[in-house]
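All chains are identified by letter, namely A, B, C and D, in their written order; residue positions are counted from 1 within each chain.
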Amino acid sequence: MTYLETIPSEWYLILSAIVFCIGLCGVLIRRNAMSVLMCIEMMLNAVMLLLVAFSGYYRDFSAQIAVFFIMIVAAAEVAVGLVIFSMMFKKTSSIDLDDWGHLKG
Amino acid sequence: MILLGVILFPFLSAIVSFFLHSEKGSKAWALLSVFIEGFLVFFSAYLYSQAGYLSVEIPWIQTLGIHLHFGVRGFELWMMILSAVVPAMAVVSSSSKRANPGSYYGLLLGMQGALMGLFACANLFLFYIFWELSILPSFFLLMGWGGLRKEKTAVTYVVYSLAGSFALLAGLLYVFMSGGQVSVYGQMGVFILFFIAVAIKIPLWPFHSWQPDTYEQTDHATTMMVAGVLSKMGLLGILKVMLLFAPLGAVFSSDKVIGLAIVSILYGSSLALVQGHFKRVIAYSSLAHMGLMAASLFSGTSEGIQGSIFQMGSHALNVVGLIWIGHIIYERTGTLKLAELGGIRSRSPFLSAVFLVVILGSIGFPLTNGFVGETLMLFGLYSVHPLFAILAGLSLVLGAWYMMRLFQAVMLGKGNSNLPEFNLTWSERIGLGVIMVSIVGMGIFPQPFLDFVTPSSFKESDSSCTQ
Amino acid sequence: MMLFGMIATLAFPLIGFFLITLLGRVLPRPVGGWLACVSVAGAFISAGTVLLTCESSATIGLFNWFEVGNVSAHFSILVDSLSLWMSVMITGVGGLIHVYALGYMKDDVRLNSFFAYFNLFVFFMLVLVLSDSFLGMFIGWEGVGLCSYLLIGFWYETHAYAIAAKKAFVMNRIGDLGFLFAILMMLFFWGTTQFSVVFIQGLGLGAGVLTAMTMGLLIGAVGKSAQIPLFTWLPDAMAGPTPVSALIHAATMVTAGVYLIARSHVLFSGAPLTSLMVVGLGVATAVFGALVALVQRDIKKVLAYSTMSQLGYMVSAAGFGAYSAALFHMTTHAFFKALLFLAAGNVIHGLHGEQDIFKMGGLRKKLPFTFVVFLIGTLAIVGCPPFSGFFSKDAILAEAFAYSRTVFVVLCVVSVMSSFYMFRLLFLTFFGNARYGEKHPHEGALVMQIPLAILAVLATVGGCLDWPQESILTPVLGVTLVVLALSGGVAYFIFGKQVDVLAKQPVSMGYRMLWNKFYVDEVYQRIIVGPFLSLSRGLNQYFEIFLGKLDVVSLRSVRWVGYPFKKMQDGNSGTYILVMTVGILCLLVGLFL
Amino acid sequence: MVTLFLVLSLLTVLSALCVVFTRNLIYSVLSLIVCFFAIAGHYVLLKASFLAVIQVIVYAGAIMVLFLFMLMLMNLNKKAEASKPFSLKVVAVGVCLLVLVALVSIVFLSAPRVCFAPLAPVSGSVSALGPLLFNEYAIPFELTSILFLSAVAGVVMIGSYGKKAKKQ
């Protein structure tokens, strides 16, 4: 019995849902820009986990390619995000999300 | 295919003219494109007189079944000739010593293109597009080269026009949804919606508060376009759209509309009496004339309709003449306030002679183009009800009064001493001469123009909603 | 022959007008004037030859103007005894006045434009008289109004003259509105305004409709011939140069109303109510004019009011059916009124613009020729037997006698009053002590004297044109002679002697009433013009501002509605994400559960 | 095998909670690294060995190092992090739980469509992924290089923003 038969797909779904919601909760709660960024990374990983799981279930590698591309995008995103935070830090000497309210309506 | 050329050419020349920056170059280009456009229109008029009906149809958006359908009938072609002549006058009379003349002439040509499209379009969808398109250039012209209070005027102008086109859109959608066969009550609703759109554009009495400011604030070429042709769009809206899509509505409420139009006639002519500014007098007088034309369009008699279409042409000519003279005076004395003007007749007899002829044209003096139109229109109103004819006839008396007051305030009297010398340049002399001769010419031999707009040309093509 | 003659009559003044306007600057000064006189004379000769040679009446179609639906208008000349006679009179008297104007306007800077307008006026008057349809007549009708505007306001530098011109034009236009209304009715019923069609089918209409149509025509005539309601422009029209007053406001234009009524007598006879109105208006105007003329000081104003009262005569005559008498009186009136005006012009010219008769007097010695001519004119207008006035006025009085006693009595009283004010005018200007200070009046040039002489001859001989029946001659002769002697003596007794006239001005209420012409002008101003202007000013301020406010309010209400949504964008990215997650949650629930 | 799965998922969830609810930033970064290693473990379990390695290198290695580097640079540890108003936190957590409940209920309510064909398991090794990556997905692969280029350009531009301002 291969590994995949033993674990029904629902479990993976629930696991990635939990991690995703924890990440979402982190984004909502934390005021620190860095932790928000980390939580976003976590949400991405939850999705990637699911993708890989289902690529196994469907025997189709294109999902893994998708994961590969998501990783690339995430890397680029973190890089740009961090630079923006550093610039904002230089400007407002704080990386508290609520202080950055200049673009108000 | 020439119709497409007639419509697209102004847009192309407008785009080109946006890139020109030198004063001489942009004016030369504007003149060239205006005359080419004029040639194209007259050539299509020739074709129309041979073939009897010009149309071109190109499928455009298949999914909605909307076609680029341009079809021209007698009175539409008459309006296209008008919207070729008036810009020509505007360009000839405008001096190019202004900020970025290229875009100025570009906007004028763009407006001309929008008007050509509107007059030639044969389906409601295109009608709406060009109806909207014509507001844009006038707004930018007002903002770019307007008078002192141009911001407020521009806002009022755009708000009114867009409210009108919104009503038009609502009516259009209703007609489109019901696939052309509109129930009786539907026609009433559609009629009211279209009427609002048209009443704002003409303008009729309660919807006119944008008009005096716009006429006063815009520079003279735009005023010529707005007063000369844009107001005729409203009237054309009645002919093309309302009478086709909401005939029952028109029949049912024609008396109310005529009543409203007569109120705007009396209101316009009585207010023109007390205006202090040259252009505001023209604004209110054209409010009165447009009211008369709208009223006679609804009179339902073929003479009334034909007279009003003929009057559209003659009113455009008169208004263009008046505004041009206003511009000449403004250029030399720097003011158009009636209190500060006077005594120009002794300085330039030619200008005062042309001014007198144009005034006579606009108050409907026999042997001028105004008289033929007024008589036919008053006849149309008379056949609806004699009282309407009497009330509308009052505009003749009041017209004489405020026009003579204008003539006297501007031309007669001693005039203040520091009035500059009034030698007209050759282009002005020729232009005004052409206007004068054509006013009297149209008055003595109106038949060729009247044959052009015979009502038989109404029935040829029924412009459906989108095909 | 007739075709060519008629077209020539019409064409001459038009060509004259164009020649003078176009070549105006090029021509040396007097040539423009002579050109005008030649063209009018040419028109006179061609009209005269056509009158003498051909008897049959005909219509010559020129060009069809416009045809729309079942409404059509053709422009063509109608040649019959009435129109021919009128055109001969117009061109004849017009020509003489042109010649006179050569002398009178010699030193005016804008001589050419003056004669251009004069020729244009004669052209439009001919169009009015000769056209064979009411629409054609309307062209002449308004054209004549325009020329009177241009000529009254000829010296446009002075503001008052320009206002008088505008007043004349607007008032004429009110009359034209009535005329146009009648034309619209004709177009509505028969699709054309051709005389032949209108007069044949005219009686077919119902009485009410016919009355309305004839009422329209009456309003037009009242507007043009300065009858009661629309007459205040005539005294102000004296602001124009004297030849203008002579030609337009005495001989030709003002008689257009009478011509209109005479021409459409078929319609008027079919509408008894309107002809009653016509008689009433005519008589009222005659009385009013005569009364006011009694006290006027300005020589031209006196003549203007006397024209008004004589017009009242003609209109009332046309009213009670005496069309031929009215036309005959119109002709003789044209002669002697033009004569009087031109003689007055001589006096004014001599006294360098002085028009107040209280500042004249004793001009008998200084201006003998003008005095003789003025005397002939006065005797003619008063109706002294040998002169033309007697015959034409008595023709009307005879018809009035046949029509109704009261009208006859009133008209007699009017003729007594008119003889009184004419003699008053004569004695004040030419007799008594010289009150004109150190001005030294001199006779006009020869070119001014010849037309005066010809007109004087016409005024005397004019009577024999239509020799009345013998029957009424003898008794009426005696009565008029007695009346004349009486009024002449009284006038001489009051004004003739070397008396200081200024002191004698009575200041009674009646006098002041007459002096300000019953305050009619002020009444119009306060009842019609004033409130109308203030209404439009009020509308202009308050209503336009109200509309302006309406726009601002509607714009502001849109912003007020949008404001709460604006507050939500508070810049805190946290709340944005929270709202977004709530949105996603709702989507999830909505779509999948 | 199942126990291994449960251990790893428990580890992931705990470290995820730890990331969110620790005060100190360093601890949250470290717990995130642990979480990434757990997920890499999951990949290994799912036979996606190539992805597991990539995960370790890219995420645990590169990105987390970057985070640590930025934290040290901005020495954020000192300041006590201001926290959001309590009521907002409760609402946020409530919303997240609701989302979780919604997701889980979708999983159980929707009909199970996944059916496993008992074929031979396929390993997600590099030899299997490589040809796929460079044949079918060649274009997206090249596009990622452009993406990286723009990211680098952006970073350089924003990064140098401070220096240019100082120079003027």
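Going forward, a residue touches a chain if its C-beta (ideal position, glycine included) is under 8 Å from a C-beta of that chain, and two chains touch if they have at least 3 such contacts.
No experiment lies behind these values; they were computed from the predicted model shown.
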| item | value |
| --- | --- |
| Result of counting contacting C-beta pairs for B-C and A-C, higher pair | B-C |
| Chain centre separation in whole Å, for chain D relative to chain B (CA means) | 67 |
| Centre distance in Å when chain A and chain C are each reduced to the mean of their C-alpha atoms | 97 |
| Rounded Å distance between chain B and chain C, as computed from the means of their C-alpha atoms | 37 |
| Distance between chain centroids, defined by C-alpha means - chain A, chain B (Å) | 63 |
| Residues of chain C whose C-beta touches two or more other chains | 574, 578, 581 |
| Sites on chain B at which at least two other chains make contact | none |
| Residues of chain A engaged with two or more neighbouring chains | 24, 28, 31, 98 |
| Touching chain combinations (by label order) | A-C, A-D, B-C, C-D |
| For the chain A and chain D complex, residues of the former touching the latter | 2-7, 9-11, 13-15, 17-26, 28-32, 34-35, 37-39, 41-42, 45, 48-49, 52-59, 61-62, 64-65, 67-69, 71-80, 82-87, 89-90, 94-96, 98 |
| Residues of chain C defined as touching chain B within the complex | 63-71, 113, 135, 138-139, 142-143, 146, 149, 153, 156-157, 159, 162-163, 166, 169-170, 173-174, 176-177, 180-181, 183-185, 187-188, 212, 532-533, 535-537, 539-540, 544, 547-548, 550-551, 554-555 |
| Residue numbers on chain D that touch chain C, as the complex places them | 84, 88, 91-92, 95-96, 98-99, 102-103, 105-106, 109-110 |
| In the complex, chain A residues that touch chain C | 24, 27-28, 31, 97-98, 100-105 |
| Contact footprint of chain A on chain D as seen in their complex | 1-2, 5, 9, 12-13, 16-17, 19-20, 25, 28-29, 32, 35-36, 39, 42-43, 45-48, 50-51, 54-55, 58-59, 62-63, 66-67, 70-71, 73-74, 76, 79, 81-84, 89, 92-93, 95-97, 99-100, 103-104, 107-108, 112, 114, 116-119, 121-122, 124, 128-129, 132-133, 136-137, 140, 144, 147-148, 150-152, 154-155, 158-159, 161-162 |
